[in-house]
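First the structure, in the form of structure tokens, and then the observations on it.
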Amino acid sequence: MRVTVNRKAHFNAAHRLYNCDWSDDRNIEVFGKCANPNYHGHNYELIVSVTGNIHPETGFVMDMKILKELIKTEIEEQFDHKNLNEEVAEFAKLNPTTENISIVIWNKLRTKIDKNLDLSVTLYETPRNFVTFKGDN
Amino acid sequence: MRVTVNRKAHFNAAHRLYNCDWSDDRNIEVFGKCANPNYHGHNYELIVSVTGNIHPETGFVMDMKILKELIKTEIEEQFDHKNLNEEVAEFAKLNPTTENISIVIWNKLRTKIDKNLDLSVTLYETPRNFVTFKGDN
Amino acid sequence: MRVTVNRKAHFNAAHRLYNCDWSDDRNIEVFGKCANPNYHGHNYELIVSVTGNIHPETGFVMDMKILKELIKTEIEEQFDHKNLNEEVAEFAKLNPTTENISIVIWNKLRTKIDKNLDLSVTLYETPRNFVTFKGDN
Amino acid sequence: MRVTVNRKAHFNAAHRLYNCDWSDDRNIEVFGKCANPNYHGHNYELIVSVTGNIHPETGFVMDMKILKELIKTEIEEQFDHKNLNEEVAEFAKLNPTTENISIVIWNKLRTKIDKNLDLSVTLYETPRNFVTFKGDN
Amino acid sequence: MRVTVNRKAHFNAAHRLYNCDWSDDRNIEVFGKCANPNYHGHNYELIVSVTGNIHPETGFVMDMKILKELIKTEIEEQFDHKNLNEEVAEFAKLNPTTENISIVIWNKLRTKIDKNLDLSVTLYETPRNFVTFKGDN
Amino acid sequence: MRVTVNRKAHFNAAHRLYNCDWSDDRNIEVFGKCANPNYHGHNYELIVSVTGNIHPETGFVMDMKILKELIKTEIEEQFDHKNLNEEVAEFAKLNPTTENISIVIWNKLRTKIDKNLDLSVTLYETPRNFVTFKGDN
């Protein structure tokens, strides 16, 4: 009898869409104003979802205090008020699309969460654009 | 490694719930005030979800600019500020419940989106009533 | 020491923007798709705000149960699932713009609320368009 | 061709996290401020999701008026303005975590909804913490 | 040229509406289910608004980091996960209606914020009921 | 009998808090992580409020189509997907705090809106931080 618990968090960051193997012209052609070399930014809203059995003693799938702290240490402190392209190592060569940021977040959290628990992340770039990644669960 | 990208859109429309094979009395009996022959209306909020692999060069499952434009042309321009029963051909004989509108939207978009991508639509009739249709994915 | 209490409510209605003293062409010219003769509709969200002194025995400016019931009787039951132009007497000759609907709502509630209390209404036609009317407070 | 219809509802309740087989000290150690013996409380937001085939005559998976009334009778009237630990029988010995409340709600609704329809519940304890339970669908 | 800066915060608490000078019957008669002696609770959402001139060097009316910390120390740590009637001194004899809680919050913050700045608080008891208090600004 | 109409819009931008008359150390000391020289960013949400008399023929205070277009031309096209410090002339020497951005927006719109109409802007830097500027109305 598996249950999913979800925790919402947020961080504010600058980024630009940029494929470092392409010319600047090609980047502008494909990514339009999102490729602006001076960057733009977003209030990212993140939902982390963890699925598993309820522990019979606590009534928890996972202690939300621990999940909240994990998101703070692993994601918020790494990404908040940062320039994703310039200051987050994972995006040195990886284009920080919402898709790719979601996978980076999933990978960072996956190693810290019990293997018996499934993990999914949903990342809102804006209230109108968002992405869900469930790994190979 | 499949990822889902989601795009939110909206349109405002009038409708009434009405089964054209029934008497007016039967329509009122089943659909209540929703069958009002003078119509009522909603701010419909639509989420279109597309699932597939990330393109290695763009970092996109699907270019959001293209998806946004597709929703605009295929759905918003057809439905916005319209009377669904009177002015949208698909509902000439089909009752415009949120369930049926979702399927009509899914069908309209399905023909325009790459077969390798799965499609799902979520349609909010009000903030309290909404429907999800995933096709036969 | 005056305090404002606010209560949120909602109703779904059809309408069209239409000045009955104008030709159809003039209506279309000024109001565009909002003048569609087949109507469109909205989920209206209403906030009713009442300002006054706190009653020392109850700790209330106004009992929210009474305000909720008043909004239900005077506004929701009159407007919900209606066609504003066709079925609400106040709009027989008055164009149901958000501005005019707000004033009609304010007038309907004003007569039912204690004269020592100030009244204001905010009406959302969509999450992106809304109007506030405070009377001649 | 299965479709999911969703209905949102809400109730306000007090609770504390408490395992009645543990000492008070152990409860405080594990649950922190959530174990406060004087209780705290939440505005719970509930989404009930029902999946099934569309009835060809009504265009409904399930009549939303019936689902709304069912949630009112079975859940809102049992939980709203209550102390979950003290006044809701299911939590006499069961810790009212969001996980456990979700399962209790699911069980209460499952017996009242047609077996051909799948049932899922999502319960928000706060806008930042929420749980989804799909039963053994 | 005065500008208003607003900061949103939240706390979860239990309470009951209760006038300690009245009989239990009278409390139930006036406050209904809100007078439940076992308490119920809410996710309170708080907006603190500070109005003043922009400091020419910082571009701030008030440093949001300081306001955030002030709300945390003075309000969140005092009210969060508490029973307002039992554990917050100000409500030992004062009925914790949203109106009265707003005034208590305003008074607690007023002494800590520069006299040249105007102060207003808006407190949401639920997304549908909220109160604004501006003091005698 | 004056009424306020409100229109919501949005833009995504990068910025840093920075007083160009201060040393870098002083900027970091006062503005903390908001002074990051590599920038961070936000999804700004803007509400433009216009107060005036209702035109008796249209039922409008101001045509929302015109206001929407004005916000698009004057604000969204100038600020969206831009680096405010580097690419928006008004912030060449002015620190782009939410307070200062609000005043810049107000000034840009004020010259384009009829003098008989009062103007106010509310700018959300995040869902938790926002500013209102009413000019010297």
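For clarity, chains are labelled A, B, C, D, E and F in written order, and residue numbers in each chain start from 1.
FYI, a residue touches a chain if its C-beta (ideal position, glycine included) is under 8 Å from a C-beta of that chain, and two chains touch if they have at least 3 such contacts.
Computed from a predicted structure; not experimentally measured.
Participant: Kindly list the shared contact partners of chain B and chain C, in label order.
Facilitator: none
Participant: Farthest from chain E by Cα centre, which chain is it? Let me know.
Facilitator: B
Participant: Name the chain whose C-alpha centroid is farthest from the C-alpha centroid of chain A.
Facilitator: Checked the centroid distances; the maximum from chain A is C.
Participant: Identify, among C-E, B-C or A-F, the interface equivalent of A-D, where equivalent means over half of the contact pairs coincide by residue number.
Facilitator: Among C-E, B-C or A-F, the interface that shares over half of its contact pairs with A-D is C-E.
Participant: Counting in whole Å, what is the centre-to-centre distance of chain E and chain F, each centre being its mean C-alpha position?
Facilitator: 28
Participant: Approximately how many whole Å separate the CA-defined centres of chain C and chain D?
Facilitator: Computed from C-alpha means, the inter-chain centre distance equals 34 Å.
Participant: Hey, what residues on chain C touch two or more of the other chains?
Facilitator: 127
Participant: Determine which chains touch and list them pairwise.
Facilitator: After working through each pair, the chains in contact turn out to be A-B, A-D, A-F, B-C, B-D, C-E, C-F, D-E, E-F.
Participant: Can you list the residues on chain B that touch chain D in the complex?
Facilitator: On the chain B side, the touching residues are 17, 19, 21-22, 30, 32, 94-100, 102-103, 127-133, 135-136.
Participant: Under the stated contact criterion, what part of chain C meets chain E in this complex?
Facilitator: Of all residues in chain C, those touching chain E are 1-9, 49, 54, 57-61, 64-65.
Participant: Would you mind writing out the residues of chain D in touch with chain E in their complex?
Facilitator: 10, 12-15, 33-34, 36, 38-43, 80-83, 86-87, 126-127
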